[in-house]
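Labels for the chains are A, B, C, D, E and F, by order of writing; each one numbers its residues from 1.
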Amino acid sequence: MYHHVKKLMYTVNVGDPDPRFGKMLLEQFGGANGELAAALQYSIQGLNCEDPGRKDLLMDIGTEELSHLEVIGSLARMHLKPLKEGDKSEAEQDPLIAVVGGGGVSLNNSQGNPWTADYLKISGQIEVDLRSNIAAEARAKITYERLINYCDCPGTKDALKFLMTREIAHMKAFGAALESLSKGPLEIGELPVMDEYVNKYFNDSTGEGELGEDTTGPWNSGNGWEVVNNPGFDSAGK
Amino acid sequence: MYHHVKKLMYTVNVGDPDPRFGKMLLEQFGGANGELAAALQYSIQGLNCEDPGRKDLLMDIGTEELSHLEVIGSLARMHLKPLKEGDKSEAEQDPLIAVVGGGGVSLNNSQGNPWTADYLKISGQIEVDLRSNIAAEARAKITYERLINYCDCPGTKDALKFLMTREIAHMKAFGAALESLSKGPLEIGELPVMDEYVNKYFNDSTGEGELGEDTTGPWNSGNGWEVVNNPGFDSAGK
Amino acid sequence: MYHHVKKLMYTVNVGDPDPRFGKMLLEQFGGANGELAAALQYSIQGLNCEDPGRKDLLMDIGTEELSHLEVIGSLARMHLKPLKEGDKSEAEQDPLIAVVGGGGVSLNNSQGNPWTADYLKISGQIEVDLRSNIAAEARAKITYERLINYCDCPGTKDALKFLMTREIAHMKAFGAALESLSKGPLEIGELPVMDEYVNKYFNDSTGEGELGEDTTGPWNSGNGWEVVNNPGFDSAGK
Amino acid sequence: MYHHVKKLMYTVNVGDPDPRFGKMLLEQFGGANGELAAALQYSIQGLNCEDPGRKDLLMDIGTEELSHLEVIGSLARMHLKPLKEGDKSEAEQDPLIAVVGGGGVSLNNSQGNPWTADYLKISGQIEVDLRSNIAAEARAKITYERLINYCDCPGTKDALKFLMTREIAHMKAFGAALESLSKGPLEIGELPVMDEYVNKYFNDSTGEGELGEDTTGPWNSGNGWEVVNNPGFDSAGK
Amino acid sequence: MYHHVKKLMYTVNVGDPDPRFGKMLLEQFGGANGELAAALQYSIQGLNCEDPGRKDLLMDIGTEELSHLEVIGSLARMHLKPLKEGDKSEAEQDPLIAVVGGGGVSLNNSQGNPWTADYLKISGQIEVDLRSNIAAEARAKITYERLINYCDCPGTKDALKFLMTREIAHMKAFGAALESLSKGPLEIGELPVMDEYVNKYFNDSTGEGELGEDTTGPWNSGNGWEVVNNPGFDSAGK
Amino acid sequence: MYHHVKKLMYTVNVGDPDPRFGKMLLEQFGGANGELAAALQYSIQGLNCEDPGRKDLLMDIGTEELSHLEVIGSLARMHLKPLKEGDKSEAEQDPLIAVVGGGGVSLNNSQGNPWTADYLKISGQIEVDLRSNIAAEARAKITYERLINYCDCPGTKDALKFLMTREIAHMKAFGAALESLSKGPLEIGELPVMDEYVNKYFNDSTGEGELGEDTTGPWNSGNGWEVVNNPGFDSAGK
């Protein structure tokens, strides 16, 4: 069961509204890597999870993300306020908010795309879901960082830094939950892989030009790697 | 530039077609974690990437996934063949393939949803993209594992094991590319986080019942964690 | 801020799982008129609302719907359990759940369509939003009624009746909130309508055949109505 | 069967084209609450309806909305005309219209989202469909009102007022059709609700802060209401 | 303006309902190549068209397709009737129709995907739109042909043959409208192409194997063609 | 199997970046008629095709379009470069690229809509697929023509002309492949049409006004046509 408390998780002080920046903020409200996506991905993973400890973790963080959704929604509304007051040139920036929403926010991203569950990654396998969540938190962190870099308002920056910091706290928690599973870094599920193909590196992009050149790194040399050049012109598998 | 060679990356031997299983296979053809999603996610990340070595890696694996798409598409067509030959009871299983496609496959998932770029995670930040890719490979591995567990045909199983193995090879390569970046496991982008919030664990889901109970693990104890209970009823941030 | 308690809002007792019925239940989980749609429609309306009383109402019911989402999700998981245990013939019923989700639910409807914010109706005008909500509750009531009529399991029926009842309770509350606004039944917003057109009834569908015949009722006779026949062939407006 | 007459339902006089306003108008052409949505919602409800009188009503209004679609499409084209004539700075406002459509309109909303049947509410139950239609007309009325408030052109305003007025005429007709059904305001379908839960008001959002405070109104006091405070922390149902 | 007549364009006689076939029929109701797509593609092209003759043609056929939509919808409803009468095993075939629609049809395809304007091809250039329409009619013809091949009911077959025939009549009309434009078969728009590249055939798929072998035909030999082999490994353009 | 070569198919020289024009270019990257749509439509048709010559043709052109995707993606990135460098006023033009993508492109169109397989037309019938492809190339040609007309940069224009030219080369090849099939221009599939309906022209849009007037042309006179006026008011079929 859920309960709501009529307070924001973090105090939001906004100076002059900046509607163009408000539109950008919608990425973290109804966008692909935003707070609704985080809240629902973790909460539904939690509903499905049968490992009691990690189920608790998923519900704790899933619930916190709902509270973040409120913070970012409140910030966005403050910046988008000029769209409510009948100023035509502002309203033209985002007719979905000005005309359809009457100045209120909806679950769309910065360009008016409706939020969709296609954004979510829910696999029903805990070592997979935790990796999806670590990646999701990394995407959220960099998105907040870019928003902060485009933000002129100190109060907004402060709230965005809080939200950005929490994503790293979540990344730390998901990482600890993954490491404590006692599965190796390449162990996913139960089925063994085929030894003859797991260490082959297929060099499928070759030549040199505007799009770069062939390189060497730990992803294709050392570590047991066997490089197969131009597999398309030779037998790659069998 | 791309070049195509009229061979499959892995020999496909299918015995009796199994159209219901063929529908399941479409998850890896036009589904959220399938081969088209992998091919396009890595190739577009590669197009955007300015780190020469990892750009090469992204193009190598992105191109390989296009070859996987052909293998899985060929497998699916063989299993879905009965939908082409006018057998009404088979055709009813999937009118999109039987009636719209004339027995041919399209870029839909097992339930007829069209493939969408909303499945992709492309951030323009290499330490983020690599994490998204590691998670994507983990999802692909578990999906292949489940398909293999539902598969009765030895030739199909063999090809699926090859594809499953390659996902782990890619996971190893992306992991090596991430580790060699010389960024710590919680370092994403450049902006520093707020020290007073990064080690707080908000216990937002409490009580005990059908949905579990509060637990302790490395994700909320030790490691510098400070637990805040019921933050909704207290001040969480400021 | 949100808080989660690890109990379901209503006890769920499921006898033998019925996976085909479980798929139907997904309509109320990730479907167009389901609990997620209700929770988010009311909560985002509440975030935007500036009328303190009705803002409180919207948040109360929006939060309750999140608790309903957990109940229906738990019911669906119990009925879909056979999809997790590797039974191929059951898994073929829903590869999205069996293969992609590993037996766990996701935010899709009964036919695998991802939930989308296009389902939501959020207008930023309280007398409009309340009408949208009354209609949404009416749709939810009839959907639960149909599910109950297709349900063989007494424990499931009991939980669905609880949820169905709550929709009527919400309908009553939204209705009271609308009536107490002191706006007439045809008063929406502020702009006056054009008197010469508001009582005209355009008879745009005429004749008699397989598709019915012209009729008379309070929607086109009495009440000040003036009927215009075949306006397409005459001047309708000016 | 349908027949088309080569006249607009209402004369459209547009002075200087205003392409930014033209984009806003697209909300009523290919948007969520626009004329195509209205036309198809009512017409498909009418196709399904087995009550002869209300079937006729649904077809009359569904057909009128098709004629509205032409009016709003013609208005939008006139305002968007500068996008056809090769003026780059105008074309940048909406490449979908300028580049893809060659200056012609398509069934997209103001921000380029394609129209989708997810906008429609069709339940196959007349007392439900009529409520959905009343809500739809209320949304259309307020959308036209906002467009008029942002409109500088007298001829456009006049046509929009005609369309806005017709929405209220439809709302009156749908309301009369609902009231004449002899079902009470809370009677939906056939299945009775559970008496012990239908008058409970769950106070799920409590406390006081930036997001408001607990309030009392006819939606939670009087009228037989019994308030349950903080149901998440107590047993809500059983 | 539109007018509706309460008759079907073609008499529909259905014997025993066949709900699985009814689902297939939905492809021509709310599917990608169905009657709604045809009606809206041609009607919106017609709204945009400034060539008076072809504008009339587009409106004639666009309006006819609306009448086809009614025929196919009526056929589908008759076949889907068992989903309305509470038979659980039938209802499980399509919960969107049985549970959400109460037995009525909606604008979805055979697998429940909502109709979307992404299906439409509207370019604002008459010689392009006519080619899109010829292709659309060809797709509609083959879809009807396949439906007829899967159909056991003589009355349904007869109505489908009528609809199929009309698609060829439309194809003939669009073809005549294209040919009478006095533009060559490769003349699109106004801008001239680059002579040095227009007759080059790039042989980008080579080799021999499960996926075929290199071939010769009028598409790459004679007709002024100059074949460039393996352009990826050589300079293709400059 | 696919192989990638690290060169572009055509040299791209971009002078001053023009981010607004870069957004327009996205139509040919991730838009409805763009290069990804072409590449996947032809390649999947090729995978399904059982006519060896035309299968080779489809794979040749499908692969070439992947190389075009790289060219247009590279052009777009160069023009969108100012969105990467932290300039807020540029970033506001497209937050999806600036904030979500860090300056990198994704598979969206000019207005941020995600690419979807709903854009594709794949029928499994070669005389139908070739017509869909001819229409697709015509749409691509006119889209490039309009982009060129809005383009100020000589290097970009040159590359766009190359791509535009190649679409006509493809149109020529698909046309030759269609003509050499020895099927008449109205022969689609195998089922014969009904002689009594194939030459009737239904005049469903009549009258005279702002929307035009009735006209005569080769699409409704001569050629065996029999015109039926106002079929809605008379029996059209039987």
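Simple rule for what comes next: contacts are C-beta pairs under 8 Å (C-beta built on N, C-alpha and C of every residue); 3 or more make two chains touch, one makes a residue touch a chain.
A quick note: this is a predicted structure, and the numbers were derived from the prediction, not measured.
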Contact-richer chain pair (by C-beta pairs counted) among C-D and B-F: C-D
Repeat of interface B-C, chosen from E-F, C-E or C-D - more than half of residue-number contact pairs shared: C-E
Classification of the chain D:chain F interface as same or different, half of numbers criterion: different
Chain centre separation in whole Å, for chain C relative to chain A (CA means): 29
Separation of chain B from chain E, taking each centre as the mean of its C-alpha atoms, in whole Å: 32
Chain A and chain B, separation of their C-alpha mean positions in angstrom: 15
Per-residue multi-chain contacts in chain D, two or more chains: 1-9, 11, 32-33, 47, 56, 59-60, 62-63, 67, 70, 74, 100, 102, 111-114, 116, 118, 123, 125, 142-143, 149, 204-205, 207, 211-214, 231-233, 236
Chain F-facing residues of chain A, complex: 20-21, 23-24, 27, 31-33, 109-113, 142-143, 146-147, 149-150, 152, 204-214, 230-233, 236
Chain B residues touching chain A - in the complex, by the definition given at the top: 3, 5, 7, 9-11, 32-33, 46-47, 52-57, 59-64, 67, 116, 118-119, 121, 123, 125, 127-128, 131-132, 134-135, 138-139, 141-143, 145, 148-149, 161-162, 164-166, 168-169, 171-177, 179-180, 185-186, 188-191, 193-194, 197-205, 211-220, 223, 231-233, 236-238
List of chain F residues in touch with chain A within their complex: 1-8, 11-12, 70, 74, 86, 88, 91-92, 94-96, 98-100, 102, 111-114
Of all residues in chain E, those that touch chain D in their complex: 1-9, 30, 36, 40, 44-45, 47-48, 56, 59-60, 62-63, 66-67, 70, 73-74, 77, 84, 100-108, 114-118, 120, 122-125
